[in-house]
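In what comes next, chain A is part of two complexes: it sits with chain B in the first one and with chain C in the second one.
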Partner chain A sequence: MKEKILQVKNLQVQFNTDRGPVIAVKGVDFEVYKGKTIGIVGESGSGKSVSALSIMRLIPDPPGKIIAGEIEYRGKNLLKISLGEMRKIRGNKIAMIFQEPMTSLNPVFTVGNQVREVLELHQPNLSKKEKEEKTIDMLRLVGIPSPERRVNEYPHQLSGGMRQRVMIAMALACEPDILIADEPTTALDVTIQAQILELMKKLQNELGMGIIFITHDLGVVAEMCHEVSVMYCGRVVEQADVNTIFSRPLHPYTKGLIESIPSFDSTTGRTKERLKTIEGMVPSMFALPPGCSFQDRCAYATDHCRGPRKNPPLEELEPGHFVACFNPLI
Partner chain B sequence: MEIKETKPKSLWMHAFATLMKDKMAVISFIIILIYVIAALLSATGILAGDWAKEVGPSYGPPTTDNIFGLDIFGRSVLYKTIKGSEVAMSVGLVTALFSIIIGVVFGAVAGYFGGFIDELIVWFYTTFTSIPNIMLLMVITFILGKGLLAVYLALGLTSWVSLSRLIRAEVMRHKDRDYVAAATAIGGGNFRKLFIHILPNVTHVIIINFSLQFQTAIKSEVILSYLGLGVQGMPSWGTMIDDSKLELARGVWWQLAAATFAMMIVVLAFNILGDSLRDALDPKLKGK
Partner chain C sequence: MSSDVLLEIKNLNKKFPIKGGFFGREVAAVSAVNNVSFQIKKGETLGLVGESGCGKTTLGRSILRLIEPTSGQVIFDGTDVTKLNAGDMRAMRRRMQIIFQDPYASLNPRMTIGNILAEPMDIHDLFTNKVDRSKRLKQLLNQVGLSSRDTLNKYPHEFSGGQRQRICIARALAVEPDFIVCDEPVSALDVSVQAQVINLLMDLQKELKLTYLFIAHDLKVVEYISTEVAVMYLGTVVEKASAQELYGDCKHPYTKALFSAIPVPKPGHKKGRIILEGDIPSPMNPPSGCHFHPRCWKATEICTRIYPEATPQTPTHDFKCYHPIQKGE
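After this line comes the complex of A and B, so read on.
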């Protein structure tokens, strides 16, 4: 039985810029289940990071503001609780790892110090020795060799992959329910990427946390996720389990994304054909076309899509498969 | 093959090692140390305790017994100079600490919180600096009455603005860094983020400023004492220079020379040390 731990309902986030307000996230819904990974996929500016930061209430305010929606974590609306309560949740129940391991650690403290800080914040009852032991245990858990020595090292002495492991150790020190991973492997090279993904999967099996995995790399999604939400211009355009998304994409955008993954012929090592791309660019948030936001880049767009109507609503076209398109590829 | 284990070095260990390689910095540091020891010994009365005693004729020239000569009352200028170092070092230390505390708190709070708080603090120190410093110094000493306490307060209250500006800019630069976002994500509050995460990253600015503030304070104290607003009842380099105004016409140059020399050396040492500290702590700014 799947246990639901987090539900995001109709989340809307607005940014006030010099050129006027922009709604970066326009009503996003998704759920996180215990021990499962949900992937949020999209191009830059599609609102995937903003959605994830909203869960932690980390949107810088000003200029950002969550203008509507609910984020329900175990029966509590995270948008309604006090900042003090939120602080008790951050790093304790919901933890986050960032894209840039090179800059996400404080350069003047040892890595041990930074893992220990999480314990100091959320488990102040532990004795000094217990904290020290737990810190070393965490570093060992994330696969850092000779952690007894590494605890006393500074971030600049570690490679990017090792630093990301430290970030994961910090995030998991209090055994959170939910781990938000905001493009955790983007800044790493491919071999290290594979190691980090493997590590996250292993830790998920051991600790049973739900993961929100944000990425623009569909290959990583196929590897990591159970459920996938595809975002475009601040909206979820398709949502389904990972097999359905890859075998039967119903939204032209998802189809385009999957087709633009390079495929290699394993015998010759060459690509069979020219790599497909999605034509055009993401429209500016200031000049969205009336109707469907994807119309300009969509090969299937009709006058129906370009009409002065609103964006297509997200509908359940098959059981568990949600699509927001006027002309789904059924 | 044996792999040599190196103990990881902190930023401060690195900086210290760099500093120790810099000969001028080491010499400057030793000079400052000598001044500090002299000041401490003088304060506890071990050295120059009987500076007020008449040891020879009025305006006695430098001899082997009294290498800096004697003043109008036949007191040893050497002892007076040492006693003066006590005033100079205490003024330097207290003023520098005082101005750093005010400057760091205002600068950090303004830079971190931004918005209205920032505007208020910036408005305050801009207004504050529009008052000529020397006027402010005189007003404060007149209000508090002459004496060491007035000098501490007057110099401390007038010297924090430049550090405040620096700290504000540095904190602004750091507050949007990823490690601060990461600190929020593990549940850190504003106080923790500002004072535990950001401030240690800007400490080098504070340390460099401390060494520069220290010598500025020494010079300012000399000026105040020269103007008759400084320390009363004990010699300071400023009052010694003030005294020698009348002596120079008679060809008595040693009091002026001793005080100026004592001040020049310590100020120079602080300047060189400040420069070296900057090089050691902020490699991007290396002037060499």
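After this line comes the complex of A and C, so read on.
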């Protein structure tokens, strides 16, 4: 039986800019289950990071504001609770790792200090010695060699992969229920990426946390995720389990994304036909066309999609397979 | 040397000094590019792959002498460009161009697209006639698929990342070069736009008979676009082969590990993944013997002492390893 720990319902986030308000997230729904990974895929500006930051209530306000929706964590609406209560959950029950391990660590504190800070905030009952031991244990858990020595080092003394491990150690120090990973391997080299992904899978098996994995790399999605949500221009356009998304994408955008990766298979050799592309580019949030946001890039668009109508709603076309499209590829 | 080789590099080295001590004396040197040799034939693409810090960008820039190489030869169409004086070098750069990784940083925000594209033509005095010059500007934009009327009067900030990269490509093409160094031209772009730019580069190559040195860390992209591929690790080319041979039958354990680390967009894909231990060592203090030995699962005693020589596998494939991967391994 799958245990639901987080449910995001109709989340809408608006930013006030010099050129007027922009709705960056326009009604996003998804669920996180214990021990499972949900992938959120999309291009830059599709609203995937903003959705994640909303869960942590880290949207800078102003200029940002969550204008509608519910984020329900174990029966509690995170958008309704006080900041003090939120602070107890953030970093404790729900933790986050960011894309840039270079900039998300404080350069003037040792890494041990930064991991210990999490424990001091959320587990004040531990004695000084216990905290020290737990810090070293965490660093060992994420595969940092000779952690007794490394706790006293500063971030600049560590490589990118090691810094990302420290970030993971900080996030996992309180054994969170949910880990939000916002492009955790994008800044890393492939061999280091492979290490980090392997580590995250292992820790998920041991600790049973639910992971929200944000990425634009479909290869990483196929490897890490159980469920996938594809986002475009602030909306979820397709949602299904990972096998369905890759074998039977129903939204033209998802299909285009999958086809635009150069196919790579060392066993069957190389393919030399032209890469398939999605024509055009992501429209500006200030000048979205009326109707479906994807219409200008879509090969299947009809007058129906271009009409003055609203965006297509997300509908369950097959059991567990949700698509927002007027002309799905059935 | 056969006549269809456009660019040949012989024993190229680049050492960066490390200054230290009281008077900023040179205390050591980082060997960023270490005895690299290869050839690129006319109209072909050499892909250069490696992780960050392996020296691939330094190598690309040394070829154009944007970074002065420490020693070695760069022979372009029969001329050793490392021996040219500054004036001759500038003239030579009309035939050798470069496209950079970050299209946001490589266009001057205060210049219009028209001025950006015309600058290289003016430097090389290509057009004395204004009508011809503006005709050429329009032709360039058409070639890279940016053909709206007022593009020439716009500024870089009015374009998206993919469009800016197209402008960078147009600028490189402005002087009708024979050879272009593409330094990670697509890694800053979104997936759907990446494919557009790769297709554009390949179409232009066919149309204009261009020769590319394509630098990237993304093996999928490199295999797609390249005729030949060289894999670099800590300043040294560890394996070089035609794209087909390399992807079908790689010999160096590092190449094998790189391949196996690529996430495959097929859920449930089972493969023998090789997880390399540890990080890339610092080039300031490279390991003794084979630089790869501390991370290599096949390393033996000899690997820690002597750097392996290049071993030819076929006339187009060689590698530097004592314990090459056997087929089917």
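Keep in mind that, in the parts below, the second predicted complex is superposed on the first by the 324 of 330 C-alpha atoms of A that agree within 3 Å, B and C clash if a C-alpha of one lies under 4 Å from a C-alpha of the other, contacts with A are read in each partner's own complex, and residues count from 1 in each chain.
We adopt the following convention: contacts are C-beta pairs under 8 Å (C-beta built on N, C-alpha and C of every residue); 3 or more make two chains touch, one makes a residue touch a chain.
These numbers were taken from a predicted model, which means no experiment stands behind them.
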{"item": "Fit or clash between chain C and chain B when superposed on chain A", "value": "fit"}
{"item": "Chain B or chain C, by number of chain A residues touched", "value": "C"}
{"item": "Touched partner set for A:M167, first chain B, second chain C, both or neither", "value": "first"}
{"item": "Partner chain in contact with A:G91 - chain B first, chain C second, else both or neither", "value": "first"}
{"item": "Chain B versus chain C as contact partner of A:D217, first or second or both or neither", "value": "second"}
{"item": "Chain B versus chain C as contact partner of A:P107, first or second or both or neither", "value": "first"}
{"item": "Vertex chain A angle, Cα centres of chain C and chain B, expressed to the nearest 10 degrees", "value": "80"}
{"item": "Which of chain B and chain C A:L203 touches, first, second, both or neither", "value": "neither"}
{"item": "Which of chain B and chain C A:L141 touches, first, second, both or neither", "value": "neither"}
{"item": "First, second, both or neither for A:V8, with chain B first and chain C second", "value": "neither"}
{"item": "Distance in angstrom between the closest Cα atoms of chain C and chain B, superposition on A", "value": "8"}
{"item": "Set of chain A residues, in rising order, touched by both chain B and chain C", "value": "none"}
{"item": "Sites on chain A touched by chain B in the complex", "value": "56, 58, 87-92, 95-96, 98, 100, 103-110, 117-118, 121-122, 149, 152-154, 157, 167, 170-171"}
{"item": "Chain B residues within the chain A interface of the complex", "value": "5, 7-11, 177-179, 181-189, 197, 200-201"}
{"item": "Touching residues (chain side chain C, partner chain A) in the complex", "value": "51-52, 160, 162-163, 190-196, 198-199, 202, 217, 219-221, 223-224, 243-244, 247-248, 257-269, 273, 275-276, 278-280"}
{"item": "Complex interface listing, chain A residues touching chain C", "value": "43-44, 145, 159-162, 189-195, 197-198, 216-223, 242-243, 246, 256-258, 260-266, 269-270, 274-279, 281-282"}
